[in-house]
């Protein structure tokens, strides 16, 4: 039972890392990023491909974060020139294009056939100890990221970010250039997503482009909405709630035996949709958030 | 050369179909200021509504289509009254997320009720007219005709009717519009009825061309958004021109980038235009909200 | 965490004692049924699950296998690797299964295999990707469906037999669709032929006229596809409207009665449809068909994968019987070829096999889905049925049996 719960916990933490990154981009700076899954994908494939070439995992993880961060630069520049609503759609298009490139460039990624046999984490261990090792490592990384970001939030950099979010023209009028800040935030959030992707790749050990569809971005948005924008605790709780929705339906069968299992997927989708609408309407600050969506 | 024209025609037809939801999106975006991510699933709803009416024995296909337009209009209007209206003061992301949630709910209910098997409209199959290699499908012409007719109707309404003019005023400059005494409430209702009808019609036409499945409309969202942005948010003509241009660009790019990358072409075109003209082809630049 | 673990353990023990009156834990063999109940595989998943349950009942009614009763735990893969991994972990960690049967999508199988291999469990699947054979490093993975490559080879044989000389290919852009056409191209060019035109198309598009154009421009006499029902409906309709006259060879899950219903007899006339077929003349199939019909109201022919999952349980049970009581998973695994491959007396049911094994005879179980002669990769090779759509009906024309592979 332990190893199963730890597996769920591992996925929760992966989503939490994604949520923390997105929270930074939107919650702190107001950047509407609907292409977050692109950084997740780039991080996953980078780490997987490098590891398959023999790179040690810590290095491939770092590379994953770095590549994801650099890929955010063009998007960061786009964010500078574009209004909110435009940015949402442009980022969505970006993530689909990234997925398409991963899918088509088979010489590199094996495309639709998928990338099997990715080296796992802590292969010297087995069973429950291994599950613990993976979970705790991820927990440490997530905690570190959360701590680093909370430091950032309290720093002058963080104050600048919030100033940009709340009143950009004023910031410009004061002679500061918001562009550099926005881009750096984008890169940081992307780097976190990239590292989350690396963990994902070495946990599932098999990658296909289909695993990186826009739905994943929406799940991350759901996490931060449920948990509360701008709150680190919220990112973690939101991811837990998300997992509850996604995995919990497995156990519904025992509670509602009348429901055909085939319809489970539809019911799951309906419940997620309903949760999104209800939270946005009645609890826009989420469970822990300081400000509404 | 023959190939070129065939691709052109394909792109034109696809573009016209996308023009309908793109128009709906641009109006909502221009007036309510958020991307209506439930538009795709409203399209799906429209297709299934027409299908349902056909199965229920409605006499002519055109009646089924009209029924689906009404159903789509009502659905959108309901969504507005129950959800989006309450979010009008909230940030844009709130409405966007709510729209996504509504889209999920529509899709799941369709799946629960109609199942996941695919359906097709029972329409007669006719061979294409062949002009020396250039092929024109009569069904495509019918689809294009219906799309054009609807678009022209909507444009006439927007340009000529008082409500239409008021809507355009609000889309252009909401504060000024309010100052001149335009009361938005009733107009909003009309907007959402129109938006739903447009999406439903797009869904029916799409279902006629392809097949009717629960995922039908969701896949068309990104192209529709891209078309809207290309044309300029809040610019009805821009949405239509953008959709057609994008459809044609996609098809014409196939010999160069292959059928898989053509989807990325829409995105690239949109991005290029935005870099040069952040307001889109017909729009004006608006950096501050 | 500590106290809840205690409660959970206590509950589990109590449940186990209630569930198995008079039988100790060690007298059970636990099977995980991991099927695509929802998602893309949902047309097949529920039937596959049912077939496993049927087979388990049959084995238990005959007195169990190797002195043990079979117990099944069912989970849904949602046809997604991530969900499948979590489901597999639950089966392995919570339910402590000793074998995981019935994964359908290649992505799911490839994601689940590392888990079952690490835990030393038997895995049986109906997926097509050749990579599965490559990744099967411990020989614990058994495949009951033809590989995509074999499908392609069957297509090539069919095309050759019908004297086509200028084939084109159209492939849905996923592992299975590409696998089919790549397999065809490999086999066709190995036979000295040339594929005149090919296109790979994206899913969920409203129209495939341009993609179709790309292939038709090369004037093929037959187009071989790796496609699915929705996209096939769209491009076949467009092909018909274009007036071209080439023939089509398609996989059976695309060219099926649903397609005929959607497009009508005129459009689909002459379409060649190929699919793996169950061993319909074998007594094992006949028994399974009857049981499946009774349990689900549908004939076994409606779900070719159900016969495969049924065979999974039977061959596993026979291997357990051959390995004897108290055998561990590894020992049972090593007997699977023994009971399924030639030489040996042909048996067609668990009871038959059990009694012969009791008399120390070597058996060869020929299942409902295929002869189940596993090659060195653990792949079985079902036969292919070739159908042609005539006047709105699928008419069986011939069967193709590919020789067990030396390669894939």
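Every chain is named by a letter (A, B and C) in the order it is written, and numbering of its residues begins at 1.
Rule of thumb we're sticking to: contacts are C-beta pairs under 8 Å (C-beta built on N, C-alpha and C of every residue); 3 or more make two chains touch, one makes a residue touch a chain.
Because the structure is predicted, anything quoted here is derived from the model rather than measured.
Novice: If you apply the touch rule, which chains end up adjacent to both chain A and chain C?
Specialist: B
Novice: For this structure, I'd like the pair of chains sharing the most C-beta contacts.
Specialist: The chain pair sharing the largest number of C-beta contacts is A-B.
Novice: Average the CA atoms of each chain to get its centre, and name the chain whose centre is farthest from that of chain C.
Specialist: If we average the C-alpha coordinates per chain, B ends up farthest from chain C.
Novice: Averaged over CA atoms, how far is the centre of chain A from the centre of chain C? Could you give it in whole Å?
Specialist: About 35 Å separates the centre of chain A from that of chain C.
Novice: Centroid from C-alpha atoms only, then distance chain A to chain B, rounded to Å. What do you get?
Specialist: Computed from C-alpha means, the inter-chain centre distance equals 30 Å.
Novice: Rounded to a whole Å, what is the gap between the Cα centroids of chain B and chain C?
Specialist: Distance between chain centres, rounded to whole Å: 41 Å.
Novice: Give me the residues of chain A that touch two or more other chains.
Specialist: 103, 265
Novice: So which stretches of chain C touch two or more other chains?
Specialist: 42, 173
Novice: Return the residues of chain B touching two or more other chains; collapse runs of consecutive numbers into ranges.
Specialist: Within chain B, the residues that touch at least two other chains are 258, 260, 263.
Novice: Would you mind writing out the residues of chain C in touch with chain A in their complex?
Specialist: It comes out as residues 5, 8-9, 12, 37-39, 42, 45-46, 75-76, 78, 80-83, 85-87, 89-90, 92-94, 106-107, 110-111, 114, 118-119, 129, 131, 134-135, 173-175, 178-179.
Novice: Where on chain A is chain B touching in the complex?
Specialist: Listed in rising order, the residues are 26, 32, 78, 81-86, 88-90, 92-94, 96-97, 100-101, 103-104, 169, 218, 221-222, 225, 263, 265-270, 272-277, 280-281, 284, 292-293.
Novice: If we count contacts the way the header does, which residues on chain B are in touch with chain C in the complex?
Specialist: 3, 6-7, 10, 13-14, 17, 116-120, 125-128, 130, 135, 137, 139, 206, 209-211, 213, 215, 219-220, 251, 254, 258-260, 263
Novice: In the complex formed with chain A, which residues of chain B make contact?
Specialist: Against chain A, the touching part of chain B is residues 29, 33-35, 83, 86-87, 90-98, 100-105, 107-109, 111-112, 222, 225-226, 229, 233, 258, 260-261, 263-264, 266-268, 270-271, 274-275, 278, 286-289.
Novice: Looking at the complex, which residues from chain A come into contact with chain C?
Specialist: Residues 1-4, 7-8, 11, 103, 112-114, 116-117, 120, 126-128, 203-206, 208, 210-211, 246-247, 250, 261-262, 264-265.
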